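Please go over the structures that come below.
In the two assemblies presented below, subunit A is common to both, partnered first by subunit B and then by subunit C.
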Partner chain A sequence: MTRMQREEWQDIVRDVDWAFAYADDEAVFPEWQSGTGSVPREAWKDWEEGYKITYPEYVAVQREKETSVFAVKAALQRSKVFDDLDEGWKSTAKAHFGATSLIEYIGMIGELRMARFGLNGGWRNMAVMGALDEIRHAQISLAFAHEFVPKDPQYDWALKAYQTNNWAIIAARRLLDGITCDANVVDVAIQLPLIFETGFTNLQFVGMAADALASGDINFANMISSIQTDEARHAQQGGPTIEILMKHDPARAQWVADKMFWLTGRVFAILTGPAMDYYTPLAHRKQSYKEFMEEWIITQYMRTLNDYGLKKPWYWDQFLENLETTHHALHLGVWFTRPTVWWKPQAGVSRAERAWLNQKYPHWEELYGEYWDVITHNINRGEMASTLPETLPWICNTCQLPICTHTSSPDGKWRVRNFAHTHDGRQHHFCSDVCRTIWQEDHDTLHMKTMVERLLAGDVQPPDIPGLLGYMGITPDVAGDDAYGYKWAAEYLPGKAAE
Partner chain B sequence: MATENPRAKARRTWSVFADRRRVPSEYEIVTQDLNWTARKQRTSALEANPASPSNQWFLTYRDRSPLKVEDWSGFIDPAEMTYRKYVSQQDEQETMVAGILEEYQKAGQDRRLTAAWRNVLLTLFTATRFPVHAAQMCHAYLGQMAPNSYITNAATFAAADQLRRVTVVAYRTRELQLAFPDEGFATQERAIWETEPDWQATRKAWELALMAYDWGECFTAVNLVLRPVLDDILLRQFGLAARANGDEQSWLLLGNLDADAKYNRAWSVALGRFAIDRRPENGAVLQHWIDRWLPRAEAAAAGLARMLERLPDTGRPADQTVAEALAAQRTVLTDIGLSPAP
Partner chain C sequence: MENAVGPVLRMCDEVEFIIRAIEDDNPDGVVEVVDRGAYVRVQMPGFMRLTQVSLERHLGSTFKLYQLEGMMASFAGRITTSSDQIVWKLNATGKTG
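For the complex of A and B:
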């Protein structure tokens, strides 16, 4: 007889809860950590993951994956693939490594919290494997990025980024700290596996894998595809949690999902939007960011909402409208403040690229063309100072990203607006009424100084661009610049007609 | 802001290692500074209201713990465990476990177990899924609260090892239930854990350990006191008792699991030593917690020892069981550089 099948015995591994006699249940599972809320404690007995795996299966499968990914890495190490990669694409990779390597690790902390404070043994067990997965993702990303450090110091930020107070990193930390640590584990199980992982990592990992392959970066594609295979498993913690929450407290489920979908969308707009629509070489672009969002994120999220009986978020129309604008505005901001980032933003506005943008985004020229015309003009006149920042843009108190998104108005005009709110006698500013609503509801946890408020409060010394760069940890060898050294602007010089 | 000459000072590794003379190991390259909530230059652990419950929790139980050193990054897990190494090593161990399970299943060994020993297995082996799961939860807590990723990773692998142990126990539980459907396997363990008088001190110790929220106390209670004592009894000594009672399979399985316990002891000792080396006052900090937790471990050991003497055909003398378990714990303290109470 061979070994018993998993189904014949795994229920015993999951049956590990008991009633405490020497400790209060509330002390072992504090409410703000465990977060049962109005869900009866008994209800968590029904928590059951859809995708089951045992420890021996886990280590066997994962060992194989590791062997295969590192074998490809070793094989490519001696090749010249890296040297031939396009600078625009490399920027995508560098932004990715810096922004995501350690996100995996804070995800790991979130998993460990569920492994300790989750109210069901099967859930806690699954979270242990989730934690292992996330260690893997952090370590694999760092192992890959480290190889390139001698060739390009910007890869150093794969590890360094989150140790700094870089403005983009503050925004990402704000999001991920909120998803993984600054909430009870019931909310974490919705925010992390269901919204962030199921909802959005497809965008970065599936979408970027396709662009990586097209750009010839097999190693990168190989790495992120392998990471994504793990998400499918541990992301399953969201489903059973939201099912229970929907039964007992649907309003809470709806709020947590709505809030985190919006906030996550903001950060992906700055991370993935420019990568897809500006950095990836034109010839290698598979889909526009908007098309990818529509196909992968929106369709998928609609299915998720349907599956669990959730309603569309209250801001849905606005979210769709923002797919036309947000990431273009953020890209413009990132390029303009390029010395503050650890990659080389590719402007992506050559004539051919602008034609592509206008084809994909009917309002692009109307909203952004003029800004880029001015920038191009200044470059061509050698007035580089005019293309560089003298200070920072105002930053949203909720998402910590620049307030820069055009929104449509009843009079047909598109405007960048500030959404203000006074609290305790102080004015706070938001990029959108959605971010404002979220802050109004959750300001007890969200209330903190933005980068600009730190500057004004004297936390940044001297309070100028060099002082800011120092505060942000940016060293001269890392400070970003145009990916192509502004060569793209030359085709706009007088006398060079459009082709 | 052009980056015209990035190769002027070409780096060979992460800038964080720039001041080091030696080349960092693969382990260090993928373990250093992973936990941004413990970064320098922070006003609070999380990018949120410094007064939020989570920030207060990190502040109270981690950043203001009496167990502190200037920089925990110097701590190195002696096994230099990375994810890749972990899954590779444990997959090999699981292959061995699978081999043991299959061989003994084929040989029909369970049928040869005496009634008395089957009761021992139910009481002291299959019932352990509860305390081992408690240890898993404690390690998961230590991992999330540790002030440095070198510690967090070791604690997370320890949590996974406890899941491994529960998994082996659960598999055997079902096998024993199939062989002896009416003897309480898979159905009575929780009642035994909750009501058997000689389990209660162990249960009490784990329930209290789950509330040891200071990360340093959690580490001390679980890694330096409870597990060294209880692993010695429930893995090593129970294995010897199994062998003495004709149950070689349990002896082999527990011997395999004991390797995980040894790994956990090794890095725990290394961490304790590191804490004292870097800041001698930490010796008193650890000692204070050891003094709190050792009596709980002693009471737990006494209860388990009584069962191990009373229940099998060939029992182990309770005094010997307790003495050996406490000696194992004393070794941990000596290795750390603390002098154990006589």
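For the complex of A and C:
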């Protein structure tokens, strides 16, 4: 029997809007959830996804994906591949598992909200499949990490991280809560599918797969790129939403996109930047973080945003400038505060690695070299206490990351500037004028206490490093340390310089 | 490549066959392939199509267009899917094939 083409019947099941007889539209789609704003309610009838799939097709494809990924996992389970992986690379995987496994769960909440409050039946259907996708991503990430827990307890943070108040998780949770939970679903469709998933997850889940495969982590490369095949589909909820918003309220579209592009970029700078430029073994780096950003974000992604009529963000020049600096400063901070993280940061500053960094980032030595020189000197003198933190760095009130943004000064030196703002008699601190502007506009929905504010408020007891580690859920068996046990510093010992 | 559009394929056995199908479906343009190991960019400026007919020719009659999703980790441009073909394009270029 010849089957009907999908186009001949799909609207019957995807276009399920009807006129309500017993309830007001506002009661079914309340403004605070659905968020049409100044866009006429009827305008959402034009919402149409370009990427169409039926539920039977969805189930068939997802089954194939799962079968394929778990077949590779089963085959490698009996091999020694994991034991042979570089310790620096493993930290990329451990940081990823902890930071993203349950982000997928938060993503599911955003999808479910769109599945309920989206203003078009086709949108709601697409979001249902998006929610199922995110459940898959959380489960597959936890399953893959769980295999390694008996070998290394840091993998247990795939499940544990989001149950803690670890500083890195506060930053990630603040971003994802802001994307999926605080906003109405029109803004969610811009923030989650269009900005987070169409843009930055490509970097972490496809770009990173290139480094993973080169580093021999076939399992991880296979898992993350499989996850992104789901994202490539359900991220298409963003396109039709931005088209309608650009037609009726372009200022809102631009602001929501600009705001979340910046905030998402900050978190990926600390998650993906060090992984690509420091943790991945030098011989296996396919490109630098900046080059991956140029490929995925500056070229591919910005071209798409431009095609929807969006302009470059107001801080675009600053964003490009920060690609040379921000993740290097954040890496320096993560390595210095290594007992506070659930992975082992690879310093990545051997002579060969520094040469590579200077080739990729012409100002690296000038901006960061002397700090690593001091750290290396202290390691080689056995003064390890000088390489460890005694307190917290200042944390940005918007992005929740350490304030370490490079700003140029007349003498060419790196200056960390604090961008302050007083509100209701209280001073807040920001890493940049962009984070300060976002906070000024959105502080009611985005504000969350920083780790420093928690310390000063007495939430952390005792108010010292052991107290902070306890507050952050870090136990001695998972506290981070240098990936290579500081062996890299030996080549800088006196007498070795000429070699 | 200016205004590149097209799929980014993850590592799988079918990559070469999909590239051949794309070349068949876009005879008037040059299909550029960028291989980064774990992923392969297949791209053309402004417009690209992939049809069910070409996929069947290279991957067998049981392969359906929607199954491409399992291999496509990302794509450049805007996408439109139907039972017969997938199109990637940028509206700004005005190209319609």
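Some notes on this structure:
Keep this in mind: the second predicted complex is superposed on the first by the 491 of 499 C-alpha atoms of A that agree within 3 Å, B and C clash if a C-alpha of one lies under 4 Å from a C-alpha of the other, contacts with A are read in each partner's own complex, and residues count from 1 in each chain.
As a convention for this text, a contact is a pair of C-beta atoms (placed from the backbone, for glycine too) under 8 Å apart; a residue touches a chain by one contact, two chains touch by 3 or more.
These numbers come from a predicted model, not from an experiment.
Of the two partner chains, subunit C is the only one that A:N306 touches; subunit B does not reach it. In the superposition on chain A, contact of A:C181 is made with subunit B only, not with subunit C. With both structures placed on the common chain, the touch criterion links A:S408 to neither subunit B nor subunit C. Contacts of A:Q5 after superposition: subunit C is touched, whereas subunit B is not reached.
When the two structures are aligned on the shared chain, A:N358 is found in touch with neither subunit B nor subunit C. The residues of subunit A shared by its contacts with subunit B and with subunit C are 60. On the side of subunit A, the complex with subunit B involves touching residues 1-4, 8-10, 12-13, 15-16, 18-23, 27-28, 32-33, 54-56, 58-60, 62-63, 66-67, 70, 102, 105-106, 108-109, 112-113, 115-116, 121, 124-125, 127-129, 131-132, 135-136, 138-140, 142-143, 146, 149-150, 152-154, 156, 159-160, 162-165, 170, 173-174, 177-178, 181-183, 338-339, 344, 388, 400, 443-448, 476-481. Of all the residues in subunit C, the ones that touch subunit A in their complex are 3-4, 8, 10-11, 36-39, 64, 66-67, 69-84, 90-92. The touching residues of subunit B, when paired with subunit A in their complex, are 1-3, 6, 8-16, 26, 29-37, 39-41, 45-55, 57, 82-84, 86-88, 90-91, 94, 97-98, 101-102, 105-106, 129-130, 133, 136-138, 140-141, 143-144, 149, 152-153, 156-157, 159-160, 163-164, 166-167, 170-171, 173-175, 186, 190, 193-194, 200, 203-204, 207-208, 210-211. Contact residues of subunit A toward subunit C in the complex are 5-7, 50-53, 57, 60-61, 64-65, 68, 202, 205-206, 209-210, 212-214, 221-222, 225-226, 228-229, 232-233, 236, 239, 286-287, 299-300, 303-304, 306-307.
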